[in-house]
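Common to both upcoming complexes is chain A, partnered first by chain B, then by chain C.
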Partner chain A sequence: MSSSTDRGGSFVSVAHGVAWRNLHNHFSHPMYYIPSLVFPLLFFTAFTGALGALTDLPGFEFEAGYEGFQYVFVLIQSAAFGGVFTGFAIARDFETGFARRLLLAAPNRQGIIAGYALAALGRWVFTALVVTGVAFAAGMTMPGGVGVAGLYALALLVNGAGILFASGVAMRMRTVQAGPLMQTPVFLALFLAPVYVPLAVLDGWIETVARFNPFTAFLEAGRGFLVGRPTTVGLAFGLAVALLVLFGWWAHRGLRSAESAG
Partner chain B sequence: MREFVRQVAVLGRRSIMRTLRQPASIVPSLLFPLILLAVNTGGLRGATNLEGFPTDSFLDFALGFAFLQGAVFATVNSGTDLARDIQTGFMNRLALTPVRGVALIFGQLAGVAVLALLQAVVFLGAGLAAGASVRAGVSGALVILILSFLVSVAFAGAGALLAVRTGSGEAIQGLFPLVFATLFLSSMNMPRNLIDADWFRVIATINPVSYLIEGIRSLILEGWNVEALALGFGVVFVILVVGIGGAVLALRSRLARV
Partner chain C sequence: MSGRHGIEVVELVREFPKGPRAVDGIDLHVAPGEIYGFLGPNGAGKSTTVLVLTTLLPLTSGSARVAGYDVATQGRYVRAEIGAALQEAALDPLLSAREHMRLQTTLHGLSRSDRKVRGEELLERVGLVEAADRRVGGYSGGMKRRLDLALALVHRPSILFLDEPTTGLDPQSRTALWDEVARLTREDGVTVFLTTQYLEEADALADRVGIIDRGRIVAEGTPQALKDEIGRPSVEIVPAQDGDHEALAAVLSRFGESVPALSQSVAVRLRGGESELAEVVRALDGAGISVSQLRLHAPTLDDVFLEKTGRSLEGAGSEHGGDESAG
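Entry: the complex of A and B
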């Protein structure tokens, strides 16, 4: 009994320590937090500013306007990339030797992954607050009311999946040069979903790819929450949980790989 | 003059070899613009149904952007390479030699120039293979290659200026999102006359990147549009002078021989 309490306590203390350090480093250096803010804000500004005319296309119906349509994409994108950017921090910790010392010192190594995941969550919450403020300032409305909580719950799961995927890569490669391996698949999956127009308006090869892309379910469900007409909710949450489990296993194996590398 | 040419040649060979030995610099700068081109062409195909859209092929419309995105990589690559030379002390050792600052900058840009040429040929070839066509014909395609090459070298000059001013590779990498932002806040995805939001149309109009994209785009969509080409070449000339001239001036203090 006391042994399991010790394990639980050490897990929490390791997770807390890793998360605090990562968040402190992140918010102390503009060069770390500015890119994670710039990209979603840039996408939001550029897409809503330049592409608003797309709402005139036949079949494009969205009650929250193009600002709302893009807000959901940007929120999901920032959640996924919040995880990926935290993966960069893990890789950097391995390059500087900090992660190896952490592996030696931590009484519960699973707490390390949990700590980085908590840090990714904290980083994303900050980004999401800024993005949401900008979206409201740009005139976004939320016809879905409190139902929009579903969108944030979904984004939170995507953030978790993002950090578990990135930490699996970072712990195997243990170098910042693995950045493209973390970033590119997520970037591709995001942009091969209905980013600019709804799925119903897409055609050609990208429509076929988008149909089988999990991010399509996230975006469709998120947009449904925003306007108060939930759609593909079960599929979206089911896929998000499945990705969490899959990447949780991937991160766990990554930790084992880092441990055996010494 | 002969000595100047020799200095540029030696430093240029070093720069080209360094570029060619870094696949991590070459591959993303070729791959990412093509990926974004494919994704945008698929996702924004519906935009061609908007009234007044200048073509029924979004690939033709978007192809010009690939060249500009390649130029952003040139900025970062040249800046990072030069900043590394400053950080590692290579510049300090050069200061002990009679090498001239202007030769150093020209030599430094040689690697980017080779990469820019490769990018231009690959992007145009990929676009044509995917079904794009150049309204201005073969000579128009040649002008696209020249303009795109000059854009990359001009952006690389701006990267060199930033590198000399900051002396930090990390600072150059940190500027990447800001340079990338200038691309997105332009007419890259929509003709300026079809942009609904007034504020965005104003930003796109004062953003020089719009004129670089529109210069290349005009050859693909319209044929020979003298105004668009004059603006495109004019803007690239200004960036070349400011970037390379500024880098040479800033280098004087870096290469201070005391």
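Entry: the complex of A and C
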């Protein structure tokens, strides 16, 4: 009896297989990896180009330059949307029936989610490297030095939360038509945060919404790390971990729902 | 290893929310090393049964043990013992056959060196070595089925589920797959649970056949026993003179109930089986009816299905139907 479990593969081997397949597909097909690069870079160049003059506004000062200010947004944004794209991949696999191959081969089905998550992480790291290179080329500086590691740690947590949120939706809906349901909440949360200008410069209802938006904390803390004057660190990490736990539960329940639907 | 366990199903029910009772209380016993043919028209409940037995769908009530493990509570042990090629081959069009092999062997936790050896061995076995680096998106239906089968064998399962493995295949691909399945049982002792809509397939391949209709098993046994039990042979006779048609029908009616036949001929199912044929000929002689043609039809599983459900298997499906049932 004990040997039979060996034949089904472990959590690690399942995660490895799923991650390999998703990364392999992603990087061998330009139709997948080009968009994941184009959007963050587009945000970055569009905002820094058009709004770079904002740094002359009274109330705006940021030592890392407007490039640095936007870099933090683009990094957090690409981390969150990286998760959403993973949701698309999962939904597509359920729609085509490919997910059944994974469900059938995996004794431990949590390994499947772990595999998708690892692949999403791999994709995002690649995007982050490219965006970082471009930001440096555009003149961004990192006055905060190694403290910037805090920004990356935060972005990783956001990436993980995005993955778990979107995969929870994907495993409940099991169709690519679930796309808007994964995308819209993340999109709204992102753009109702102090994206282009600091919170202090925002006005009216946007300011109210932004104040209670977790992304506000992520962006402010991230920008603090970049310039070496950490702010709202505890709040940002607390929120990120809370989201991770919440969406972890959400994804776990989603897997249960997918299992009982066949 | 599983020891010697097959499949044990008791009073299995699967109901879809807001849907039909796709599986409506079936009992099944599949012995280790046996090829069990699950025969039924479209919508009968074959795939639903397979999904429950492979732990992809929970059951509503009843119980099922596969390879000695309970599908409801010991899913992971069941999955370690079984391989499955489902009705829609779950393949990624962007991956090649070799890449599928790599994925499948990794999922099953084979070591790096075993992965390579086992993968190549199986690709060879199903004749896909030459196409192995091409994307599966461009494969024919037969190639996809063969790859799906090879993938299902990666971890040397003791029980194999094949859901309509030859539907949509040309005759050559179909017999090639039959040979492969027969070989798996013969050489490796694999237990096979195979669903099909094709009588010939069940007849040619299965040691035992269960006929399923509307979620219930209506008959079960070896193909021969099923045919012997119900499907007695029928005799079809064309009279030499058209005018003898009615007299012929009257004589034949003494030997059994009539069955549909071409307009110029008369056919009856022989109540006493083949041995009555001589009797029939003598009776016709006595009545002065001369015969132009005489044909004896061996019973088929379709006769069995007809007998048990009152419908012909061809075209009995709930989705497609009608157009094939003539004749």
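Simple rule for what comes next: the second predicted complex is superposed on the first by the 253 of 262 C-alpha atoms of A that agree within 3 Å, B and C clash if a C-alpha of one lies under 4 Å from a C-alpha of the other, contacts with A are read in each partner's own complex, and residues count from 1 in each chain.
Following the convention adopted for this analysis, contacts are C-beta pairs under 8 Å (C-beta built on N, C-alpha and C of every residue); 3 or more make two chains touch, one makes a residue touch a chain.
Note that this is a predicted model, so its numbers are computed, not measured.
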Touch test for A:I206: chain B only (first), chain C only (second), both, or neither?
first
Regarding the shared-chain residue A:S10, is it in contact with chain B (first), chain C (second), both, or neither?
second
First (chain B), second (chain C), both or neither: which does A:F237 touch?
neither
Is A:W20 touching anything from chain B or chain C once the two structures are fitted on A? First, second, both or neither.
second
State whether A:L42 touches chain B only (first), chain C only (second), both chains, or neither.
first
First (chain B), second (chain C), both or neither touched by A:F98:
second
Quick check for you: in the superposed arrangement, does A:F191 touch first (chain B), second (chain C), both or neither?
first
Dual-contact residues of chain A, meaning touching chain B and chain C, are none
Footprint of chain C on chain A - complex, ascending
1, 3-10, 13-14, 16-18, 20-21, 24-25, 28-29, 96-108, 259-262
Across the complex, what residues on chain B touch chain A?
24, 28, 35-36, 39, 42-47, 49-50, 170-171, 174, 176-178, 180-181, 184-185, 187-190, 194-197, 199-200, 203-204
Under the touch definition given earlier, write down the residues of chain A that touch chain B in their complex.
31, 34-35, 38-39, 42-43, 45-54, 56-58, 177, 180, 188, 191-192, 194-197, 201-206, 209
Applying the document's contact rule, which stretches of chain C touch chain A when the two form their complex?
1-2, 51, 54-58, 76-77, 79-82, 84, 86, 88, 90-92, 94-95, 99, 102-104, 106-110, 151, 155-156
